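Okay, so chain A shows up in both of these, paired with chain B first and chain C after.
Showing the complex of A and B:
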């Protein structure tokens, strides 16, 4: 499933369509969002450098990590950003997002440390809309710088939408993301969100804006109120290494593909495996109704013991059908016959009987003869 | 009003049919959307399909259900309409069949007929209100003939990228004033909005504002349970629920045979709405799948279900 997401980002957008957008969502219970983000980032980078993707470049907007972190990360995956900086650019919104250093320098209290050329994007927190516009322009500028003009496209990775939402209103963040998606030269875009840092509406907005949503959930839910319980601790520990990876993909035809996987965090990185059966959602084919449609074991046995009235029991006796008109106490003869049938059922460990109460004894029977008499079932 | 599903663009299918229908029948259109360039959407409007059989001819601007109305009437009129030759002299018959693969001819999209507004950047709704008022003033309702009717289509009204999208009371009062303007003029309006982005109380208020309320829903792909429960699951792309039907100037309630329809794209060209057919299932309670909780999703279907 993670592969299909990376492939979707690699394949990019069709002509006249919005670029595919991925939201990676996690929470404190299963905090692997950043691992997934790095995984997707390195996959997409390798696709881009190998020339297998629609996009010719990648702009990484880093809010929550320093650009050197990403350089290291990609180097570890075998991608040398420096030599391939024609393809990958990192927009540094981490070192000095609010322009404090500049102001301190102006005030004369600070000597600027040399750092790699960064383009701080937030000059003024208060002017929300302008701020997002500036960020948008810087991203697009960087992207265009990577790929040149024409029909080429670039991809965008946003480290953390949480940081963006701290500086600007939800509608301006949404505006930025949707404008990026509808830009002719953007091939694909993905971002990370920590859902418990926001109100539910923010997560809903981001899901509305994206074409693929991945969410991370813990494999096991620890029981409430028993903190410190040994069992609970081991569960929590378990949850820190593994989790469930759910994906919802909005397909072009309007259907939604839902998939799930298990994700493991190891020293070497992250790995995805299909869900083990204990976690699998397998409700069978029984429709969801409010009564039980299945039989317990005892019920199964009892059912097997019921003697069906119209059937040969295979013991050579003539079939006598109890039609409920005459009560058992009335005639001995009938009782005997009925008794043989009863005896049969009693022989088979008892309990399997069909009890038939006729509506009214005064009712004229349709016919004294059973129309199916000539059938030999 | 159409309640969108955040996971599927089916409301766009309804919008396209609504807009094309108006343009083809000489009904000017005001289109507002959160895109920066709404005119681009006009290129995707479908052209009327070449129809082989006659369609029913009921032109009532009060009821803007469009697609659904003709579908219903076809059921009742059937044979008798086949002899209705209609006007073949250049005027289009009132049609609900549109070919999504054939774009609408350019001359329908001229500026006199279509006015486009982008609602993304406006900080409040006064601009949109003014444009709507100007547009609607051209179609006053006279006691006499219906000379010309107008259509307003607003797409994704509370989309998050619009600057006013957190001003919930303002949006509500815009809808109310639009409704009153539309009532007093010869026009209909179609507004689509994503209910998942509104607070629940406002969502309810907006639903009450609507004369006719529809909702569209996405369906999961390759869902074994659904394919067992529904016939024709492979061709379906979504569900359409009718929550409320306009009852203006009448005391007779509209009782629908069915409130849930499946949305299918026949040959990827024609939008088809069909009543849901539940495949026979052992022991099922027999209720239509569409009204059960899991598919229609939200609690909205509760009070407004007919």
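Showing the complex of A and C:
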């Protein structure tokens, strides 16, 4: 499923249509959004450099990581950005997003060290990220610079819409993303969002702008207990290595396709597998003891079929409560049957039964005090 | 005695092995505490370890909470002389107790406020000899008081933290910040707290015990060490939980049920 998203971004926009847009959404309970962003970034970069994609270049708008981080990330995936024919440009909104360094220099007695000089060909520092117009123009300028004129297109990757939303209003951020999507030279666009940093409507606005939404959720919900609870701790640790990866794709014909996978964060990187059954997940959490703590499939079915004495069957019949005494008619039948079989076996579909023998037939049922008087039985 | 009892905390932070080069280089540590369980002892512990005679670490301490004399007293009991370290240019103390930023967004001038503080930290690091080989630790005590000094603008504080973060990438500094969880957790959406949690490579939470107050256990520490190495896109999340007891000259850390 993750691959289908990357393919959709690779294939880009149809003539006369908006570019496909992907929102990657996570929360603190399952903070893998950035891993997924890096995965999609490396995949799309490979496609672009191999000439397999609609877009001829990629503009990475980096708010939350330095440009050198992305250079190194791509280098480790075998993509050398510097020598890659200038197909990838990084717009640096990380190093000095608000122009503080310039203001300090103006105020005197401050010298900023020139750092990342080697990246100056690929990284361009933006010092005023509060104005979405300027940001939009910078992105489009970089993109056009990558591909030249004509019918070529470029892709855009924004590593943190949260940072953008901190500096500008939701409507201007939405405006920027919408304008990029509808720009006829933009092939595809994707961004990362931490859903718990915003009101629900902000996330909703961004989701409406996207043709694909991936959201990350924890595999296990820890109980509302205290952190010190060992079980909770192991659940939290589990949740930090694995999660659920949901994908929602809006098709052109209006249909929405929803898929889910499991995502694993390992030493070697991120991997996606199909969702395992709940039993397999819980296997890892069951303590290892010498007796079986779990039910077999047959036992589970039998348990599900047991009719509890006070359970409403909902079949309209008056509720018969078996109090352990058999009526005369029944007991006669019983004596005949009991002679041949001691144990009632179930020959039907395996329905379970509760067999209750009262200690003594002389025992009267509880008369005056009915402990269940207050219950609706 | 000191080393033995704080071993669990050192282990969780990666400080139990050699501290040269400084294991927290380029990493951000966020400490969250509550009224019942103050997390300042974690700050003091990291400060003490960073000023260990075996290392060439430099610490820049940004104090919004207490004056120098307070930390001097506390660290003396832990066996560290801040005055000597300050004289040796290994410890820089920025007293921010009287900082009051001018109100209004556009009124933020570089002469005062957090922009100036950032400038001051930058200049201090750049002025250090052989800056590339020094391990600089920036410690902030604490973020909620910084927000007060910024007239309640958490955005301004987050901007400042972003710029401090650029220092971790530019100079490989470590950044340690203390914040109070219970101030923000009652809000509908504790955004400020969450922003720091997303930012942090190591998250340390000091909380009371689930069972309430106790005389021989002061609280529990949960250390989430993300161990992230985004360069390879890998991550080694490790979570540790243990109890602690703050004594006069030392903090004892031990697993639940194994007092001492």
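We adopt the following convention: the second predicted complex is superposed on the first by the 261 of 377 C-alpha atoms of A that agree within 3 Å, B and C clash if a C-alpha of one lies under 4 Å from a C-alpha of the other, contacts with A are read in each partner's own complex, and residues count from 1 in each chain.
To be clear about the criterion, contacts are C-beta pairs under 8 Å (C-beta built on N, C-alpha and C of every residue); 3 or more make two chains touch, one makes a residue touch a chain.
All of these numbers come straight from a predicted model, not from anything done at the bench.
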item	value
Partner chain(s) touched by A:205 [first = chain B, second = chain C, both, neither]	first
Touching partner for A:104 - first (chain B), second (chain C), both, neither	second
If touched residues of chain A are counted for chain B and for chain C, the larger one	C
Touched partner set for A:240, first chain B, second chain C, both or neither	second
First, second, both or neither for A:301, with chain B first and chain C second	neither
Touching partner for A:354 - first (chain B), second (chain C), both, neither	neither
Partner chain(s) touched by A:14 [first = chain B, second = chain C, both, neither]	neither
Chain B versus chain C as contact partner of A:35, first or second or both or neither	second
Of chain B, residues touching chain A in the complex	6-10, 34-36, 120, 159-163, 165-166, 194, 196-197, 199, 218-225, 228-229, 237-238, 263, 265, 281-285, 292, 294
Chain A partner contacts - residues on chain C that touch it in the complex	109-111, 115-116, 118-119, 122-123, 126, 155, 158-159, 162-163, 166, 169-170, 189, 191, 194-195, 197-198, 205, 207, 209-210, 220, 222, 224, 226, 230-239, 241, 256
Touching residues on chain A, where the partner in the complex is chain C	28, 31, 34-35, 38-39, 42, 65-66, 68-69, 72-73, 76, 94-98, 100, 103-104, 106-107, 109-113, 115, 163, 166, 194, 196-199, 225-230, 233, 236-237, 240-241, 265-270
Chain A residues within the chain B interface of the complex	129, 169-172, 174-175, 177-179, 182, 201, 204-205, 207-209, 248, 250-251, 253-258, 283, 285, 287-289, 293
